[in-house]
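Below, each structure is written out as structure tokens.
One chain, chain A, appears in both complexes that follow, with chain B as partner in the first and chain C in the second.
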Partner chain A sequence: MIQTVTLTIDGVPVKAAKGASVLDAALEVGICIPHLCHVPFLQDTGACRICIVENVKNGSSRVTTSCTLTVQEGMNIQTNSEKIRKLRRNLAELLVAQAPNSKAIQDIAVRCGVKEVRYPFRNENCVQCGRCVRYCTEMWKANALGFVGRGKNRRVEFPFATRPDFCKNCGSCTLYCPMSITPCGGPMKRGEEHLCGKCESQAVTAPNIIGACTRCELGKGFSCTRHML
Partner chain B sequence: MRKFNHSSDLEGFRQELLEERKDITSTIIIPNGTCCQAANSLAVIKAILQEIARQGVDKNVQVHLTGCHGFCEQEPMILFEPGNIIYCRVTPEDAREIVGRTVKGSEVIERLLYTDPVSGKTARTEAEIPFYQAQDRQLLQHNKWVDPRSIKDYIAIGGYRALVKTLDSISPKTVVEEVRSSGLRGRGGGGFSTGRKWAEARSAPSDEKYVICNADEGDPGAYMDRCLLESNPHLIIEGMMIGAWAVGAQKGYIYVRNEYPLAVQHARLAVKQARDIGLLGENILGSSFSFDVEVARGGGAFVCGESTALMTSLEGKVGEPRPKDIHTVKEGLWNRPSVLNNVETWANIPSIIMNGSGWFASKGTKGSKGTKIFALTGQVKNTGLVEISMGTTLHDIVFNIGGGQKNGKAIKAVQTGGPSGGCLPLSKFDLPVDFDSLYEAGSMMGSGGMVVMDEGTCMVDVAKYFLKFLQDESCGKCVPCRIGVDRMLEIVTDITEGRGTREQITLLEELSETVAETSLCGLGKTAPNPVLSTMRYFADEYFAHVDEKRCPAGVCKALISYDILDEKCNGCGVCLRACPHGAIKGEKKKVHAIEPQLCLKCGICITECKFDAIAVG
Partner chain C sequence: MTTIEPILEGRRSQPDQLIEVLQDVQKICGYIPQDAMKTVARELGVPLMEVYRVANFYKAFTLKPRGKNVITICTGTACHVRGSDLLIDQVKGQLNIEPGDTTKDGLITVECVNCLGACALAPIVVQNESYLDHMSPAKLRKIIDHAKGKKKKEASDAQVQS
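Up next, the complex of A and B:
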């Protein structure tokens, strides 16, 4: 028998398997927590920080990523408070300003309620979610991809920048890359980047059900776990 | 050297050492830490030893090379015991006179004594120097008696007595209780109660536990840990051994950054010496306690000072932080309970055991006990390592110990806590320095860096400097730290280069909050502090940059211009020759002029002009 714990997510008592993450527990029961770097069968690293939630304990709350937070008996989680929405919006804004040329990132921005981008666009090709690296390392045990460098210079790279023999050419890195699908209007050229926003009608905006999963099209864009399983 | 198998052996060895040394009539102490070596202490030592060999002194005069004595401004120094005479800024040329007159003739050379820049008085001894007067040197006082390369010195001053006391008569549980009731808080910056940390690690179930010493100090302008580890490594090892006994660990690591070669060298030597005489290894001093220490070198990443990143690095992986939803005292190094403490925290342990928690708790304020070492740097007359009781005011540190302003410009702020800390303005100088009051004021204790700034410092530029540092040092794993700090730097650069707008200031505030709340590790969580604290106390400077496109301190190059004042310039032509860009035009004996298009605002003309005829506006 699977051992379960009971926790409260957004005021709703939720039963979850012991050892599961809060993100999985929430998605299981249809509470939408947007996420980017999380892939169901890979280890979570908490890199994109989009899936942040508030962990309320003794009256004070701590902001942490739900993918790395393990469920515990009696936990009280807020996934959609005013504070979380604001922080998530700011994070999505940072991401979309960094890499606007991706349907997934644009969809996340819409889902998180980004209305305008206050930073100059950068149009980069990678947001370093690390899906490709983790897939290559954990699923195929190939270790053909890894992170190189630190801070601003950190990037995904083959060992010594050449494709090694142990890369099996499986293509999973491309498959799981959120950057591989361009926005619906086609790739944006430098200087023409903008917030796509065409799918805004898909976003659940009603304040009372904003946290509920409607299996929206946006989720397909950023390979939401609910669409992958 | 022989191995000790019983605790009484160590005491016997100490008596032997004291017996051996009782004939020594006088000691010449020459501090020789990294900072002293940078001030040419090696040449001084060589000269002194040569002179001693040449002139021939009594065999009972001993030359003692020790770690830094704290007063880095006046290095290289020489101390004479007994008598406690201090010579400052000694040069190799002084060696002949020093050996001839002071060592052989017991005569004091007035010219080498310390002259107080505030009162103009000369001081003979440590007690007469204002820099030392206001301090409470509990940890640093041993430095001058201990040669870091000699375990004998450390044993002779009573070292490892706390360990013997612990092994003989104190149970692990009582040690934890003692540390908890002493009120010791982590000196690395966070200020978490050490006793609580130990208690949690002690109760964590595991067959293997670790104690780790964090000597990966990287804050700009801070070097307390380096000084402690390279001057008195056995003190740290003793502290770690007591900690290991208390929590039940068998293995310890000293994680020291490779940029501290002397600290690495001394720590390794100390571990080897301790192992040789049986203070580390199996069944220490005949007890059931086994413990060993390994010195691990860090590759120089600032983020590896963060607990989880440090442990990942120790495991041999890329030093990136892990999510900390489970504390490292439960699952740390190799997923085993691990106690990570700063060098200074470990250094405090032996004296707490020897003198009792009550003694330690009698110093300091309500929430912060004991003493704390600060590295006082910046625009003050006396710079160096300062050890004070918690609760001393910033004013005391900056003006009494530091001696006040250096270049005639009034002091306006002090930056505490390195890149994670903040800037406190002159109006906050009455604050007692302890964990809680600094945190409330928007800064933090940090590891103990204290940089004093005067009117010639632009606070927006300071924020920019720290953001640049953090952007370079961020590991890049999580979005808010990698992209957020980069964007903050972008905005602050815009402000310093005259492109800033009011909206950007609001955005900067909002972004700061996001980065602080959502970052993965402590580096990102505290990264906005320099920006937030300067915005809180020096908002007018930000607005001057944005609204008037003016830098009040005259630092931000895009917002200043150089001008020659007609009434002061006498046409001497010095600036004209000095300017590397050929931007100054003029004839001899006539007023010169600067061509703004050619001027790169390097400031060379200002330093060259003897008549203060060049104005920055």
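Up next, the complex of A and C:
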């Protein structure tokens, strides 16, 4: 029998399986916490930081990523407070500045309420979410991809920078990469990067409906959990 | 690779020995060759990716062959203030290489580190594990000339012998 714990997410009492993450528990009951690096059935690393929540305890609160936070009895989680929205908007803004050439990231930015990008665009091809690396390692047990280097030189690479013969050519790294779908207007050239924001009407303005996931169209670009299950 | 066989002795199938094994490989070969990494991965039962990642992560491991003489220039705060960038310019001008590279004849490797913890002796340069304090571009030039000169002397010795 599955042991359950009861916690409060956005004021709603939620029952969740013991050992589950707060993100999974919230998505299970239809509370939408935006997320990027989370892939169901893979270990979460909290790389993108988009899924941050407030963990209120004894009147003080700690901000942590919900995908790495395990549910505990009597937890009080705020997924949509003013503080979290502000932080999340800033994180999404940084993601767009890092890699504007991705529909998934543009979608997340819209979902998090980004109105303008105040940071210089870098137009990189990777946000180091680690989805490809984790899928390759955990699902396929191929170990053909990994993070190499450290600090600002950290990057995803094959061993010795060439495709090894033990790569299973499954293509999951491309499939799960948030960069594989370009924005609707095609790839942006250097110097022309901008926040897309055209799908704003599709986003549910979160303050009005507290913690509702309406299975918005915005998740398709990065296979949001609600679209995959 | 026959040379790394003794390192692996008694350590096979022990993934936790990875860093120790790589350190020994580095000690014997001077750097970590690709073949050695493949052998280590196979013998220790660690994915090749993991070996490559670890070897790339730590600065103590080099993946490129190093020269006979390794000249390490400290670029920490104290050394920088007392003119370590002049030393780097000296090296660049004299050897035509960037820090981190090796000369084409494989004699000299120049590296930069962030601090050696001997700031009172700034600017400091390490040549093959001996610490040279209060360096100036002129002193460094002599050291490099000496390191280069060895080769000429050896070459002329070899010619005499042949």
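As a working rule, the second predicted complex is superposed on the first by the 227 of 229 C-alpha atoms of A that agree within 3 Å, B and C clash if a C-alpha of one lies under 4 Å from a C-alpha of the other, contacts with A are read in each partner's own complex, and residues count from 1 in each chain.
Note that contacts are C-beta pairs under 8 Å (C-beta built on N, C-alpha and C of every residue); 3 or more make two chains touch, one makes a residue touch a chain.
Computed from a prediction, not measured in an experiment: that's the story for all the values here.
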item: Partners on chain A (chain B, chain C) - clash or fit; value: fit
item: Chain A-centred angle between chain C and chain B, computed on Cα centres after superposition, in steps of 10 °; value: 40
item: Chain touching more of chain A, residue-wise (chain B, chain C); value: B
item: Touching partner for A:L87 - first (chain B), second (chain C), both, neither; value: first
item: First, second, both or neither for A:G149, with chain B first and chain C second; value: both
item: Contacts of A:R190 with chain B and chain C, given as first, second, both or neither; value: neither
item: First, second, both or neither for A:T65, with chain B first and chain C second; value: first
item: Least Cα gap, in Å, left between chain B and chain C after the two complexes are fitted on chain A; value: 5
item: Contacts on chain A seen with chain B and repeated with chain C across the two complexes; value: 147, 149-150
item: Of all residues in chain B, those that touch chain A in their complex; value: 301, 303, 318, 323, 325-326, 471-480, 482-484, 486-487, 490, 503, 507, 510-511, 513-514, 517-520
item: Complex contact set, residues of chain A against chain B; value: 44-50, 52, 63-65, 68-70, 83, 87, 90-91, 94-95, 97-98, 118-120, 127-128, 147, 149-154
item: Chain C-facing residues of chain A, complex; value: 137, 143-150, 159-160, 164, 166
item: List of chain C residues in touch with chain A within their complex; value: 34, 37, 47-53, 56-57
